[in-house]
Amino acid sequence: MAFMEISIVPIGTGGTSLSGYVAETLKILKISGLEFELHDMGTTVTGEPADLFRVANEMHNATFSMGVMRIYTVIKIDDRRDKTVSSLGHKTHSALEKIKN
Amino acid sequence: MAFMEISIVPIGTGGTSLSGYVAETLKILKISGLEFELHDMGTTVTGEPADLFRVANEMHNATFSMGVMRIYTVIKIDDRRDKTVSSLGHKTHSALEKIKN
Amino acid sequence: MAFMEISIVPIGTGGTSLSGYVAETLKILKISGLEFELHDMGTTVTGEPADLFRVANEMHNATFSMGVMRIYTVIKIDDRRDKTVSSLGHKTHSALEKIKN
Amino acid sequence: MAFMEISIVPIGTGGTSLSGYVAETLKILKISGLEFELHDMGTTVTGEPADLFRVANEMHNATFSMGVMRIYTVIKIDDRRDKTVSSLGHKTHSALEKIKN
């Protein structure tokens, strides 16, 4: 299992609000069955790398279907294969423990 | 107020765990007084752009102080000046409302 | 045609040199037939979005085949559908013209 | 010396062309005296980390001065302190040598 963070930025939309575009990509994620979490700077998704790349492509295309003519998509993938870190939230636990006091 | 997400990736560390390095950068953020939140793919910080760039530089340098010889830092800044979106979590509300049912 | 930039950062390699890993991913690109260019901060590739996501997945996997246990991959895609900007280098021309003197 | 790549994406501009905005940021770089290179997916700049963070802040602000109300800035910094890699183009040489035949 890997973690992907994706941010899809439509260009030339005439307005500064992006929540409608973000909502459209979340619908794709809901259908995909992958675990995901929206946060202030993007959406984090967990799954097998091939599934993550596939759903990223679908989310990117879904934004064009809303009439946007140019899109800037930023993706970060953190893929660790020596250890199973399968659920959202588990990765942060260890760092947060270290700064507790 | 703008939002910054920062991920600092040390290279050539000999181990795959990064939580010790992340903890070190969170100490910088605690001292800075800026609002921040660690999530699975990075740390999100809010503040004035000049403060965000300054603290990013400090976090980047703090990781070198742990004996790392090469660092790859990824930063995304979302800066909106037509509307006050000042707190972590407020940005996601509108998109999540749209996919409720 | 869209532009993708991809940077694949292996974690825990014990050494700070990445050129061997980069070379492995360039072999994938050569086989793909897609136009690409290596620069100091990543590799830029042009092609249909579906092809770009597919080759990104292959490059990401190829790096694991070299014995790396954790990989951090950063991808940016600039996809413009109102105008054909199909070749590497064309996009920069207009901005550079504007600062000529 | 470190390498920074910066991409500044204005949101809600009403048009899909970004070259005018890019040109404005290149003027900042020219004044800074730092070595830089525009490529299809961003601008790469070399310099001391503190200088890179400072000029990134200036380029980000310069784009707002053109009437944009929301900006999405993506920065990647590759900072290697065990070896002097000071000029644009030097980093790619070794990887390209490895795939020559």
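Think of it as A, B, C and D in the order they're written, each chain with its own count starting at 1.
Just so it is clear, contacts are C-beta pairs under 8 Å (C-beta built on N, C-alpha and C of every residue); 3 or more make two chains touch, one makes a residue touch a chain.
Just so it is clear, the model here is predicted, and its values are computed rather than measured.
Here A-D and A-C were compared by C-beta pairs in contact; the pair with more is A-C. Most remote from chain A, judged by the distance between CA-atom centroids, is D. For the pair chain C and chain D, the CA-based superposition corresponds to a rotation of 180 degrees in steps of 5. Between the CA-based centres of chain C and chain D the separation comes to 16 Å, rounded to the whole angstrom.
Between chain A and chain C the centroid-to-centroid distance comes to 19 Å (mean Cα coordinates, whole Å).
We define each chain's centre as the mean of its Cα atoms; on that basis chain A and chain D are separated by 24 Å. Across the assembly, chain A contributes 7, 11, 16, 69-70, 72, 74, 76, 78, 80, 82 as residues in contact with two or more other chains. Within the complex formed with chain C, the chain D residues making contact are 3, 5, 7, 16-17, 19-20, 22-23, 26-27, 30, 37-42, 44, 74, 76, 78, 80, 82-83, 88-92, 94-96, 98-99. Taken together, the chain A residues at the contact with chain D in this complex read 7, 9-16, 18, 69-70, 72, 74. On the chain A side of its complex with chain C, the touching residues are 11, 49-50, 53-54, 56-57, 60-61, 64, 69-82.
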